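Chain IDs A, B, C and D follow the sequence of writing; residue 1 opens each chain.
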Amino acid sequence: MRTGVWLVGARGSVATTSIVGALALRSGLTGPTGCVTELPDLRGPALPAFTDLVLGGHDVVTTPLAKRAEALAAAGVLPGRLVAALPDELAAVERELRPAPAGGTQADRAAVTVRDLTDFRRRHGLDRVVVVNVSATEPAARPHPGHADPDALAAALAGGDEVLPPSSLYAYAAVRAGCPYVDFTPSTGLRLPALVALAAERGIPYAGHDGKTGETLVKSVLAPMFAMRHLAVRSWSGVNLLGGGDGATLADPAANAAKVESKQRVLGETLGHLPQGGTRIEYVEALGDFKTAWDLVTFAGFLGTGMRMEFTWHGCDSALAAPLVLDLARLTAAAHAAGHAGPLTDLAFFFKDPLGSPTHSLADQWTRLCGFAHRLHAGGTDAAPR
Amino acid sequence: MRTGVWLVGARGSVATTSIVGALALRSGLTGPTGCVTELPDLRGPALPAFTDLVLGGHDVVTTPLAKRAEALAAAGVLPGRLVAALPDELAAVERELRPAPAGGTQADRAAVTVRDLTDFRRRHGLDRVVVVNVSATEPAARPHPGHADPDALAAALAGGDEVLPPSSLYAYAAVRAGCPYVDFTPSTGLRLPALVALAAERGIPYAGHDGKTGETLVKSVLAPMFAMRHLAVRSWSGVNLLGGGDGATLADPAANAAKVESKQRVLGETLGHLPQGGTRIEYVEALGDFKTAWDLVTFAGFLGTGMRMEFTWHGCDSALAAPLVLDLARLTAAAHAAGHAGPLTDLAFFFKDPLGSPTHSLADQWTRLCGFAHRLHAGGTDAAPR
Amino acid sequence: MRTGVWLVGARGSVATTSIVGALALRSGLTGPTGCVTELPDLRGPALPAFTDLVLGGHDVVTTPLAKRAEALAAAGVLPGRLVAALPDELAAVERELRPAPAGGTQADRAAVTVRDLTDFRRRHGLDRVVVVNVSATEPAARPHPGHADPDALAAALAGGDEVLPPSSLYAYAAVRAGCPYVDFTPSTGLRLPALVALAAERGIPYAGHDGKTGETLVKSVLAPMFAMRHLAVRSWSGVNLLGGGDGATLADPAANAAKVESKQRVLGETLGHLPQGGTRIEYVEALGDFKTAWDLVTFAGFLGTGMRMEFTWHGCDSALAAPLVLDLARLTAAAHAAGHAGPLTDLAFFFKDPLGSPTHSLADQWTRLCGFAHRLHAGGTDAAPR
Amino acid sequence: MRTGVWLVGARGSVATTSIVGALALRSGLTGPTGCVTELPDLRGPALPAFTDLVLGGHDVVTTPLAKRAEALAAAGVLPGRLVAALPDELAAVERELRPAPAGGTQADRAAVTVRDLTDFRRRHGLDRVVVVNVSATEPAARPHPGHADPDALAAALAGGDEVLPPSSLYAYAAVRAGCPYVDFTPSTGLRLPALVALAAERGIPYAGHDGKTGETLVKSVLAPMFAMRHLAVRSWSGVNLLGGGDGATLADPAANAAKVESKQRVLGETLGHLPQGGTRIEYVEALGDFKTAWDLVTFAGFLGTGMRMEFTWHGCDSALAAPLVLDLARLTAAAHAAGHAGPLTDLAFFFKDPLGSPTHSLADQWTRLCGFAHRLHAGGTDAAPR
């Protein structure tokens, strides 16, 4: 099952790490640490092998992939020896990267994207191409009447309107090209009525939003712990200090707001009430591609006794996100092959703000994910396979 | 369903907090924070109500219960207003406390315990009495041939041998008196072949070991998180700083060893390998009844990138343990009523070192506990109800 | 040397703790923990004894002092036994509290304040009265031509203008009444050219600004440590989570800005450059009168190796501030007695944003403070004693 | 002033980092971050320039220096580019390294060491050679009558006894060869009456003990902070997790004990009492050349209010120690040139367990160090220059 993985933001840190990692896995130069689809509970025949993945993508910048990989190696995100060992493989992916469509109307740019995707699929004889958005976080989208349904959208685009935020324009093109779509960012992406309806019409599965890589991952096990023990969480305050490109983007208050809201959701839904306190994101360039999050939880136990917990998470977002990008591409491809369409709510495990929000408890999300993978491997689905 | 709760170590911090809490709940002076059996997923008709609980117990010390409660209030473990509001209720429990049997042979002391338990049951017209060991942690038991089976044990006791450690002598008496037994400590308790066989013979259910109240509770959600994300935990080091009676006891290296081993077990079994590092317990009197644990976890992500997490837990062990003591008494009483016998492995949720060790993941233990409670409430069991 | 201490904000947490503490010290019910003027290096004959202090003050609220003290005891800030032991003494101070002047022009309110101060001094036969501002933090003052010099100020006040922020109106009245003035808050207070000139004219000493009680205290020893070791601090990020009245006030962005700026100053001046990162103040009501600050410092060592330090400070601001209020009252009174006038820059040890900023290193500030106290005790001064 | 720096343990992590750093500084490839002798308050004409330092040393292992440097680069301790840029310089130092003398009696091995030192001095036309012990920590020395005075020592050595621990044998040889001696480790070194007397006789200055690089550095500013604020420290507990060679050595309980004692001394002497709690050192191989220390301080403020502080220090010991090794070599050489002999107590700033222990406050140590440097630069000394 030859599968294309088309990365929107293909020269960013997450994408570059995904690409180097996929190439290294394919060449047997590294093991699958961090890839959940390689755990015994999830792996199986329905998933495309790493050797079946073909990588490509769009980006607005043009820095050569090899340069980006070297920079990440220098920053401690990647082992330099992997970059040095894979020059031909990186050059091959470089040839599959396209400039992000620019100029003309949104309709024109969508058409270019559709053509890039279909060319990529044809050129490599791929069974399907999964589009994964790993570009920078956008501000919240401005409302537009064209968001309401496919016809309104078609009319607005035909009229030359700038109707969609960039992530949604990619989602639109993906659906039009028959490609499953994964949104790894908190951007709008496919979350507009017009696009949801279009994906349903075309039988396209999609997944999102916002890869769960650090502080929220920890919250998604600690909040259920407090809930299961009937402990009364009074406050939960967090601060995220980020360097790297993501940090700079999120320093923009508009983008920050979207992210922060998605980060606190897990608490309200798991605890049954929203505790006091908030989450802050701050840009600290000196931290480079690493992130430090600190959280303080105050809670009451039996008879009201006050207690507290704090944790610090020092993670490398790219190293945490990249294997999940590959996991999502594999699972979404398998879901498409099995005939799934619409939101893949069983992939909530991967996201801060999962579609359909069935649960925010990591353990419950894991149980759902295992069941989903099991059904894929067993060949069962509600829909006809393709 | 009138249920006795007989506390071994009844004047200790955990027991005193349990007693004050049970009285306060019965009087409607406080809510059930920290009591998991009051969560929607667990509560139901099979459990005895707080108003149906009658408290008693043994202790080697004789400090009046009211004095112990006042000391705990001064230390911030309990609200002083509750102690002040419950003088008659505390006096009533005081009348049900007995000195720990002393003098004579172990057989003599077991006989006194059996008599105290049966008198208590008769005096209050109780359907059953659950014995809960909340006394200080013992050193590991010395082997004795009398541990092998009930006949060898009977012979050894008849011969006047000091064959059992104190926790096991209580477990023996409980079984002989037809009482379910819960071991909230890491002591030997019922974990001897002779006692296991005896409990099976008499149809007695039991639960243990070592209430999971702090650092291990956190480990039991974080370790599965790392496992589910396929992250490679390289080291997990912890230190526990404890004041209070438990701290002083655990400063004894023999007791410390038992506790530490039970604390690391969750890691090996959840992660599939034992990471580097260990757990230390240290006595710091100035911390009083509070405990501070600090853990450092180092782990590798995709392509080997090194990352780390640390957490600090500032908890009050008595406030965390006391509601679980009541939960365990209620659940074990209901299990006994439903005809369960032998180890209650579905209560693993409550313990650092659960009997039968079905799993060390808190989420999986929760799922089992919910199923168990559900079956109790539905009236179903494998055995005939009593 | 009978000395009045007039507290602006006399029913606030800091003032109430200062009052209870002063009374308890006077009665021998407690020791001088936290009072630096009782350390061997500082104590001596020039300072008024605790038994020579007479307390009074203004407040806009009217909650009885005893009620405030009981509330602080319930919150764990004060031992309840002290409040219970001092009913008559608290009632005596209660009689010395006056409502903050209201109504009329600023000139009218200043006149009332001057009269309250002189009445207080006369009523108790005091050698002098030190005015200490411990009221809530104000937003930055709006410029007004009347700030320029004493004449402009007199004219503006005579014209009925609302020319001064409240803290400065108190400072004005203090100077007019011949009282030394201490600003324990980051508010404007005496920092206006008109007031500085007036204090110089009248020979009034004053001290400030912003008591250094928590995170900044720690910074003032850690930043010099990094500097003395020639380590290159790259980023220093902090978050302060506060409940209590101060927290609510500082949630106001205008007040927050003043405080935050004063908190970062120590870094730039000690390190020689301002590292990346900032300090946040957030209001978390559940923390009550306690404050949790977390700071992350990243730094480079030899050959650029990246390292990091983090600290968490869990402090009770009132308990940290109150003894310093007494220290400042004693030192400022002694300075006044010795003939000092103008800014007391040798008291920088006590402040986040010290007047004259001779140094931000706590150790250097300590050396200066010790020298100052030594000179006071030795009777030496540049000016004639009064 | 051409100065030799003879490193005992010359292929260890600290020594290798010192060597690479000195070569890089000499070549202008790096700046002096971490070198306190390059701060404005300390630098001056009395100190040998980096270009005047010639490096050599002994080691029991024979791994090539370049290999050790590459390993440190791979571990993130050194930038690989520096190692790559200095092949000839490293080869030149390699030629100055000698195997640690082995075989024969201690007297024989001392003679070899003396000869190696004098050859080194003559070969390079050096004004003097400073011997710096950066080898692994030894267990406490066993008492021997030969430790009492120079004659007893001479007799014991002549008799073929193994009378001295290795660090002391090096100190003995250094003194015999007329070389100033610095002990950067907690080992015995020169701290034996016989050696102290011998150094006095020969007019040799020496410094030590135990470089202050991490947790103790922080303690030496925080403990004075608590003392200056008259806060009552109740407990101070610490844990040090170390990988690398030092960690493995210190896992030996005997060496651990020496180090731990030296780490707690600062508290007792600064606070005036020894708070509860202790310091642990644990070996965690996965941490590599980095060290994580965590400390919890609990303290009482005014009226007994309980508060707490914790800090985590993530440092690279080699990167912290190496520049101090160069600083100490420079300062000790200048002291020797200026005619100083005996213990250099003004260098306490650099050590956990300083000779003569004049003070454990970092700020006070800094003041002394600045005065010492100032006098050196001014040419003043009590003794005649050489």
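Here, a contact is a pair of C-beta atoms (placed from the backbone, for glycine too) under 8 Å apart; a residue touches a chain by one contact, two chains touch by 3 or more.
Predicted model only: the values in this text are computed from it and were never measured.
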{"item": "Length of the shortest touching-chain route, chain B through to chain D", "value": "1"}
{"item": "A-C, B-D or C-D - pair sharing over half of the A-B contact pairs", "value": "C-D"}
{"item": "Separation of chain A from chain C, taking each centre as the mean of its C-alpha atoms, in whole Å", "value": "50"}
{"item": "Whole-Å separation of chain centres (CA-atom averages), chain C against chain D", "value": "43"}
{"item": "Contacts with two or more other chains, residues of chain C listed in rising order", "value": "76, 310, 312"}
{"item": "Footprint of chain C on chain A - complex, ascending", "value": "234-235, 237, 239, 241, 275-278, 280, 282, 284-287, 292, 294, 296, 298, 308, 310, 312"}
{"item": "List of chain A residues in touch with chain B within their complex", "value": "17, 20-21, 24, 30, 32-36, 38-39, 76-79, 82, 217-218, 221-222, 224-225, 228-232, 300-305, 307-316, 319-320, 322-323, 349, 361-364, 366"}
